[in-house]
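Heads up, the next two complexes both have subunit A, just with different partners, subunit B and then subunit C.
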Partner chain A sequence: MALPKPKQDATDARLGAVNVPDGPAWARAARTDAMDRTAAMGLPHRRDEYWKFTDPSALVAVDAAPADVLDDDDALFSGSGALTLVFVDGVFDADASDDLAGEGIEISRLADAQDLHWARDLYGALETAGQTPVERPLAALNTATATDGVLIRATGNVARPVCLRYRRSSDDADVVLHHVIRVETGAQVTLLETGSAAARLSTVTEVSVADGGTFHHVRQQGRDHQRRMNTHTFARIGAESTFKSFTLSLNGILTRNDCVIEILGDDAIAHVAGACVGDGDNFVHDDTIFITHDAVGCESRQVFKKVLRNGAVGVFQGKILVKQGAQKTDGYQISQSLLLDGDSQFLAKPELEIYADDVACSHGSTSGAISDEALFYLRSRGVPEKQATNLLTLAFLAEALEEIEDDALADDLRDRLAGWLDRHAG
Partner chain B sequence: MLNIKGLKVDLEEEDKSILKGVDLEVNAGEVHAIMGPNGSGKSTLSYVLSGKDGYKVMGGTATLDGADLLDMEPEERAAAGLFLAFQYPVEIPGVGNMTFLRTAVNAQRKARGQDELTAGEFLKEVRARAKDLKIDAEMLKRPVNVGFSGGEKKRNEILQMAMLEPKMCILDETDSGLDVDAMKLVADGVNALRSEGRAFLVITHYQRLLDHIKPDVVHIMSNGRIIKSGGPELALEVENNGYADLLAEAD
Partner chain C sequence: MTALDQVEVKEGVDQETVDAVAQLSGAYKYGWNDDDIEMEYAPKGVNPDIVKLISSKNEEPDWMTDWRLSAFERWETMRVPNWAMLKLADIDFQDLYYYARPKSMEVKPKSLDEVDPKLLETYKKLGIPLKEQAILAGVEGAENELPERKVAVDAVFDSVSVGTTFQAELKKAGVIFCSISEAIREHPELVKKYLGTVVPPSDNFYATLNSAVFSDGSFVYVPPGVRCPMELSTYFRINAENTGQFERTLIIADKGSYVSYLEGCTAPKRDVAQLHAAVVEIIIEEDAEVKYSTVQNWYPGDENGKGGIYNFVTKRADCRGDRSKVMWTQVETGSAVTWKYPSCILRGNDSQGEFYSIAIANNYQQADTGTKMVHLGKRTKSRIVSKGISAGHAQNTYRGLVSMHPKAKESRNYTQCDSLLIGSQCGAHTVPYIEVKNNSSRVEHEATTSKVDDDQLFYCRSRGMDEEEAVALVVNGFCKEVLQALPMEFAMEAQALVAISLEGSVG
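Presenting the complex of A and B:
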């Protein structure tokens, strides 16, 4: 079927300007296939159902709009003892990184991967599966064009988290990274991500968690003010496995985080959560989540909280799909916004689609302001208005931060949020 | 200490006069009670003094040790030594009671130019005060007033008062919703705080609370004015005869 002309034109222009990188045969095949799929789907347009709240044109455009480099001496997660991998403008910096070796873990770079690498079975495979029933062409474009990324295979209980630390030095870096994570049966690993990666960033993270495996993911997205990014996480998780992902977003012009999780084994747990604070009318933050229950007795949670002011826009599109036979599913979805003034907007599209008859799924979505009663109560105890507002704002975000398993990591992010609120108060 | 002269207050949203010229003077060390029928303006007086939005001062003055209360933000009034124990303490999900108390104590200390309490100093203080009010560690950890019983909420108000050490305490129907034992506990908490340098204004419907917190002066408020003041016997008169006689007398 022919694409609408504006979409076709935009797709042709972008695809004409990108190259499919070379690599081992499996990577070349996956990239070529992804390029064909991208061309057939066409890149996203505002008229697409899944982009009606967020304009994707800056993500689709041939050139990335420049974004000032933020002087961000990012010490976040530095107390975690993580094995740290540094990317500068999307290029791996071996000197600044730790050795790619650890107990119970294999780490390599996508750029270095050889013909017989384990990732050949996964690269682009979860992304391809995640294109149904909703097309995600930017993810396919990422698979086609990513030159680097991290390939992590956990074979045991990995005590030391792996931290991807993104830095940037150029104001027009247009970066595409593709990570693949495989957590073997009963293995466990924590992935951290932080920092300012690029003026425009696209990441795809494919995560396969085998039976009894555990994957924890905590990330803070770049604080640079003008950056734009879209991230996709595609996860496939097995029986009695655990997948937990949390994202904190501050600043940035455009952030679109897609998370697609397929629960394939019984008694598995999938949680995805996020907190974002946005200030200003050029701030758009979009969480688009799709969790499929295709097994018995599984639990999923989506917990998203957004604090918006001065015209900031927050978007939540969350879906729980419970397939036939996925009995005893326990699904929970909450998306809430705290609108600190009358100019900001929260657009939410919660969806449940259930084909099993013995399930418990609850969902809610609210928008509200700071409670006058609570504010007065705090002030009457001597807490100045600004400090009281910040305290109530952090309280609003608390439910999302509680989704983080590791208390020390959660405290790191709480401090970061408190600092942001202090600087942006009033 | 607290000096109110000719205070007239309207509701901001509608053109309705609530306080129609209140005169009241409370000296350091004294306990004053205000009684009166529903709608007489008792709670409004407490809100206006503590700085709640929604009221318009149409005339008169209110000062605390000479400082103009009506000109201050609510937090400034608190730092100046004013405390209101709420009739309906507010639930604040997501803010731990301990965090709340410590933030408040240190904000006031900061406003007064004192050093903030360290975590250790604060903890020691709060544990001792909480114990007197039979508030357990669990209640200190929970979010502010969330899931607290009526009695727990009121005890938590008194705990805040004890920690903040205000000089002018206003208790707005602190006895409402309390059983006899809970009321005794709260009253004991208040009595323990009575001192020469501190004054209380106790708003209540019932004589019962005043059996436990003995007032020096009792005021009867009706239709936005204090219509009669007297000793503790005035409260007994209300308890026995209701307000009808007093109101008729005032007309």
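Presenting the complex of A and C:
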């Protein structure tokens, strides 16, 4: 079917101007296919069902709007002892990075990876699978045009986390990164991400967790006030595996995080959580989460909390899809927003789609202001209003932060959040 | 049925009604067809000539004909909506009869003897008491014989209203209750003022089609300060084959008034899916209150999903005045396909909207239903309680919108959607949209999906119930909050329907 004209025009303009690097030879077929799929789907438009709350035009536009460069922020996760990989304006910086070798882990760079059989099977494959039932053309465009990224394969229990640290030197960098992660049977790895990558950033992370594997993911999207970014995580997890991902988002003009998880093995666990604080009417933050249960006895959790003020907009679109036969599923989804003033907006679409009868799935969504009684209580105990508000705000966000497995990492992010609230208190 | 026998009957409810309800057992009871009732059809298909024909059959003034024609023009540019979670065969809108009426209604009969006996037979089978049939069949003067009955009825048979009871008694109270075709002729100033102001002719594909071709429906006007002395009720029946029924209901509750309105529907078993596309508009002025209850029991198709009614309905209430209130209650057990979202526009300050729904889908039924609560006024309140039950191969979706506009300060919404699955081949889905644009309002949404609790079933069975009875009891308990919101007559009927609709779903 022909695309609607505005969509076709925007797609033609972008694809006409896009720079398509060859990429590694083994990924070429997947990249060509991704470009064809992008052209067929057309890039997102406000009229699309899953973009009705968030205007994608800045992500679709031919040129990225410039964004001021801030000082590098290397403090976060610095105490984690992580194996650190540095990207500057989306290009891997070997000199600034740690040695790629590690015990139980293989790391290569997408841009110069030789024929990697394990990555060849995954690159673009999980992204393609994640295109149904909802199309995600920005992810396909990423697969087609990614310039760099990391390929990580965990074969054992990797004690040292891997940290991707994004730095920026140019104010108009338009960066496309594509990571592939494979956690082998019984292996375990933690991935951290932080830093301001680009004026406009697109990342796709494809994660395959084999039976009994464990993948932890903690990331911070902060500092860069003018960023426009979309991230996609496509995960496929096996029996008795664990997938946990947490995202803290501060600042930014437009942030859209898509997460698509397919649970294929029995008794697996998938948790996705996020905390976001937004200040100002140019702030839009969108979490779009799809979890598909296609196995018996699995558990999934989606916990998303947003604190919004001064016209900030928070969006949550979540779905638990339980396929026929995925009995004994335990699915939970909560999306909540705290609106600190009258101008902010929370737009949510928390969905359940269930085709199995022996399941317990629930979701909740709430929106409201800080409770007057709670505030009064704290003030009557001598806590000044500003601190009381911040205290209650942190308490509101706590459930999401509790999803982080590692306490030290969680504390790191709590401090970050408290600092932000102090600076932005009204 | 023992539970029904013990129900205390509310004052004003006929024993006959209770009996009729109590008899509700077995599979779809209203599935006969009265093919031998002679019908008068307009040619198949829809075009400006058919629109004009319907308009002239109803003896409508020119402004009404023009209104229909402009809606038709608009409809031709529109596409069938496909966003609902429904799998439908394409509907050929040109392969339907848009107008059908029993031939015997050409001239209004003067007494019961003159009424087509076959038409009477149909009402009898529907369980509408005999004395009432006289009125429904349009016998002049019959209503004076029935001073004790307290539910006024407007019956719509295929395309036309065949009779409205108690018009005289209602008239004394100042309430106008008649068919919409009569209202267009007798009360053009009211119809002109309100028709299409809640659901504009351009609203959506099915509402626009309805605007062009609606043949009849009910009209209610309750004047300021009047509490309607009895419950108003409409029975819809689709009888003829390949007929689309397009009825239009317009209810106006003027300042400080109150009315409770009941709607029931049935249709014969036919192999071919039939179309029903209704529009209901409710206008509620200051301090007025409207209760609208529906028990929808259109033919759902057979156990293999063959036939049944495609039910595409647009229902919307506009709480225009401050402190106005509307309550939608629906029990959706019939139809092969249900596409229905009774909505509340809470425009007046302190206005309230409530939506209580039970949707049961069995065999190959598909339901995509829910509500919209649009909060515009300050301190507006809304409450949504939706219970979806799926069995067999059915798909049941709750789809709803709660929107808090920036000016709707200190408003409140509470939504609860629970789904129950019986069997491993069915589906239950929840698609809520929540849009909050101010911080003094509170919105809460909760949804759960589960199966019939094994412990509860075991308990019932250990007390000697068979499995089907036990499931029906548990499901009735699950639906209790909604059943309680229904007027008594309907509550009983609904309770029985819940059990019937699930027949054959266990084991």
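The rule is short, and it goes like this: the second predicted complex is superposed on the first by the 420 of 426 C-alpha atoms of A that agree within 3 Å, B and C clash if a C-alpha of one lies under 4 Å from a C-alpha of the other, contacts with A are read in each partner's own complex, and residues count from 1 in each chain.
The rule we apply is simple: contacts are C-beta pairs under 8 Å (C-beta built on N, C-alpha and C of every residue); 3 or more make two chains touch, one makes a residue touch a chain.
Just so we're clear, the structure is a prediction, and the values are computed from it rather than from any experiment.
Within the superposed three-chain model, A:Arg379 lies in touch with subunit B and out of touch with subunit C [touch as defined at top]. Of the two partner chains placed by superposition, A:Phe234 touches none, neither subunit B nor subunit C. When the two complexes are overlaid on their common chain A, residue A:Gln387 makes contact with subunit B while staying clear of subunit C.
With both structures placed on the common chain, the touch criterion links A:Glu353 to subunit C but leaves subunit B unconnected. Residue by residue along subunit A, subunit B and subunit C are tallied for touches, and C comes out ahead.
Of the two partner chains, subunit B is the only one that A:Phe396 touches; subunit C does not reach it.
By the touch criterion defined above, A:Tyr123 reaches neither subunit B nor subunit C.
Contacts of subunit A with subunit B, set against its contacts with subunit C after fitting on chain A, share not one residue. If you check the complex, the residues on subunit A that touch subunit B are 371-374, 376-385, 387-388, 391-392, 394-399.
Those residues of subunit A whose C-beta lies close enough to touch subunit C in the complex are 49, 53, 324-325, 327, 337, 339-369. Of all the residues in subunit B, the ones that touch subunit A in their complex are 50-53, 73-75, 77-79, 83-84, 86, 89-95, 99-100, 103-105, 107-108, 111, 143, 160, 164. By the touch criterion stated above, subunit C contacts subunit A in their complex at residues 83, 85, 404, 406, 409, 419, 421-451.
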